Amino acid sequence: MKQFTAVSDVSDPIALAEEALAMKADPFGSKALGQDKTMVLLFFNPSLRTRLSTQKAGINLGMSVISMNAAQGWQLEFEDHIVMNTDKAEHIREAAAVVSQYADIIGIRTFPSLTDKVKDYSDFIINRFIQYASVPVISLESAIRHPLQSLADLVTIKEQTTKARSKVVLSWAPHPRALPQAVSNSFIEWMQAAGMDLTITHPKGYELSRDFVKDTPVEYDQQKAFEGADFIYTKNWSSYDQYGKVLQQDSNWMITPEKMALTDNGKFMHCLPVRRNVVVGDGVLDSPQSIVIEQANNRTYAAQAVIARMLRW
Amino acid sequence: MKQFTAVSDVSDPIALAEEALAMKADPFGSKALGQDKTMVLLFFNPSLRTRLSTQKAGINLGMSVISMNAAQGWQLEFEDHIVMNTDKAEHIREAAAVVSQYADIIGIRTFPSLTDKVKDYSDFIINRFIQYASVPVISLESAIRHPLQSLADLVTIKEQTTKARSKVVLSWAPHPRALPQAVSNSFIEWMQAAGMDLTITHPKGYELSRDFVKDTPVEYDQQKAFEGADFIYTKNWSSYDQYGKVLQQDSNWMITPEKMALTDNGKFMHCLPVRRNVVVGDGVLDSPQSIVIEQANNRTYAAQAVIARMLRW
Amino acid sequence: MKQFTAVSDVSDPIALAEEALAMKADPFGSKALGQDKTMVLLFFNPSLRTRLSTQKAGINLGMSVISMNAAQGWQLEFEDHIVMNTDKAEHIREAAAVVSQYADIIGIRTFPSLTDKVKDYSDFIINRFIQYASVPVISLESAIRHPLQSLADLVTIKEQTTKARSKVVLSWAPHPRALPQAVSNSFIEWMQAAGMDLTITHPKGYELSRDFVKDTPVEYDQQKAFEGADFIYTKNWSSYDQYGKVLQQDSNWMITPEKMALTDNGKFMHCLPVRRNVVVGDGVLDSPQSIVIEQANNRTYAAQAVIARMLRW
């Protein structure tokens, strides 16, 4: 595997999830694979879970891992044929090629601008990086996708049930700030690829990109969507149509025990961090239905499965 | 050992100090102990000595160590039943549980507010973290204690003398900024537990919490306190009564060669960093009586003894 | 080798370059050398290439490497006999001695003030650090030299040609910001020591310190300087005479394909980061004549050769 940025980079997402579960059962069984290999993780945006879990994954595989906050003091130019006489000190062509000299695998985290939809949805930072990198690149969340999260989500679902086709609901929930659509976009494409029975529910105005939604049903009545669900996956996102806007923070969309009661003893999932009593009530998060911590735990093994494939590449 | 936050977490502080000295004699002798174990160090406040020495300790024990500055971009909510719609993006319940997924041991550094005495003295950040963590937690300095420093101090005293009960003086010294009481509180409780002959000296108004001082004698005449001392342990702290205030910066309280001459060829100790010619004169720091560098060196072996106990736990 | 700050620290620069090339041929062949050894890299200024390549070098040699941004929250006092009652919390005497307790080798990066020429050219930060450190110290770029870069440059030249004495041109090029003279000073002294046929070219007013230039010819006509060159080494620097000033940004001094055509099929070198179409045109950087990426790659092996000598010391 030369890049891991989207479900389309993986021919067999379910097999990859199963590899992750095998890693979980024997975390140190493939330590020889990473011997004398170095992974460099570049964070253009802050990260806790992704940073710790990906670093742990590399360590479990016997690699050396170097994490770097690239945010400060490393302004990159991404456009070609530019006279670089302003604030950008380095061009992506050199940056990506140079980091490739020191790494066997590169991980990159970048967030969207939430102001320039066309640029964000071209996912240009990670794509430009891949274009000029000479080693495999892993997305640690890009402007429009978070594939390590989605793989961990799939791993978690596979771990919880033997059903091949679970009823999964992706539900918008309120949040005071404008958040990217990355986790939601990514979750949708992975659930589609894994053959899940996915329904999306959100208030009007929060429609996600048709390129991701495709023929997945959208149900504007949240409670109706929850009926009989096996998994409730909750996430806030800002508007795609009125790009990057917070249209409303209607607390009626918060996930509550009452709504969870509509499901078929459904599990509650969230990528974290989560704002309690805004996105979801304490009563849900602190109940046995919540599997958010196990989901976070599975981030390690999802990353480990991806890195292992790259090391074998 | 499930937590290391105070001397009360240790049943046998002197035995632990002796384990640290054994580690110093053979730093790499227990490398098998940490194999495939990961320690995550979270710094909510800056750190040099603690960071380097604790990281070194983990490495010496064969662990992988991940250090993270948690200060920026990771605002935690510590209160329960809160509607998290302001600036805090994650609740301590999730944060502690999640980091526990990636770590076999967690280290945390937090400083006091120096404004809210009740909250600071409940040591609520580290205690809340421990409450929700599922792995052992080490204090890398909390609001009111610095136990790795105090253990290193005890190790250093044990290394310097065969006396079971040394005369130890904790002396306040001036400083331009308002500093926590953590190092002093912690030193007092460790010296008490180790059965040292401890005297505290400081100007009026700088009385420390009775919960720490207990029946340790306080001598307001610094020179009188120094007479016949084996160890002078110097530290500035802000007022406890007028919480967090700098009441005076009286340079008469600076440690000088003249004052050191009053001791029984006493050693000068300080946790560092130290402001020269404010807290202590060059003539003391640059004399053979100063053991501050060895004290810093012993931080590694103090941490190593603590981590080793946790790994065996 | 006890310190690596200047070419004068090395008795045999060409042999060291050859050791680096041997490391490149077998990067992991000396892993036993660094076992149970720790290198601490302190960055008082930002770094990408130096940080990644030096860390990689340590890892390749089997060391543990701890990188630390020392910029924030660690203000050092370098002057002696100072009453430290302002903003500096620690004296270099303690800082260097303490870090030496945790490291077998220390690397330090510091930039010049570009305002105080006498202080900068005494290279006082790194020299003071060395004075009080008890372990070997590597310059990761100091106020006036960048020896790991220069060694990598020599390695790159040695790798590209079998000529013992290449015609090498150091050419100034425009840049919008005031940059240090460190890379240029250092390159000059390494090329002189390696017996290269070096010419320096720059606009009037950009004369470098005579202590570095010595009898190396300076040619103010850039095109004349380029004639028949084997290597064009480009770098901007601010004025030494009008210390730290940007006197002009004359785009006529930019490196172009037309100028490269004057050389003897010369290679283009730059330490990176480089501003495209300001310092050098796209047409040069994207041509086969550019060896800047290989130069960056060789940073690892240059550092590895230096560290290996220190470990054997």
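Chains here go by letter, A, B and C, matching the order in which they are written, and residues are numbered from 1 within each.
What we mean here is this: a residue touches a chain if its C-beta (ideal position, glycine included) is under 8 Å from a C-beta of that chain, and two chains touch if they have at least 3 such contacts.
It should be emphasised that the depicted structure is a prediction, and the values quoted were computed from it without experimental measurement.
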Requested in this report: Specify the contact topology among the chains shown, as one of line, ring, star, complete or other.
Outcome: complete
Query raised in the report: Taking all residue numbers at the subunit B to subunit C contact, is the shared part over half or under half, that is, same or different?
Result: different
Report summary line: Expressed in whole Å, how far the mean CA point of subunit B lies from that of subunit C is 39
Query - subunit C residues counted as touching two or more neighbouring chains - result: none
Query raised in the report: For the complex, which residues does subunit A have touching subunit C?
Result: 36, 38, 40, 64, 66, 68, 70, 72-74, 77, 80-86, 88-91, 93-95, 97-99, 101-103
Query raised in the report: What does subunit C use to touch subunit A in their complex?
Result: 27-28, 46, 48-49, 51-53, 55-56, 59-60, 67, 176, 249, 272-278, 282, 285-286, 292-293, 296-297, 299-300
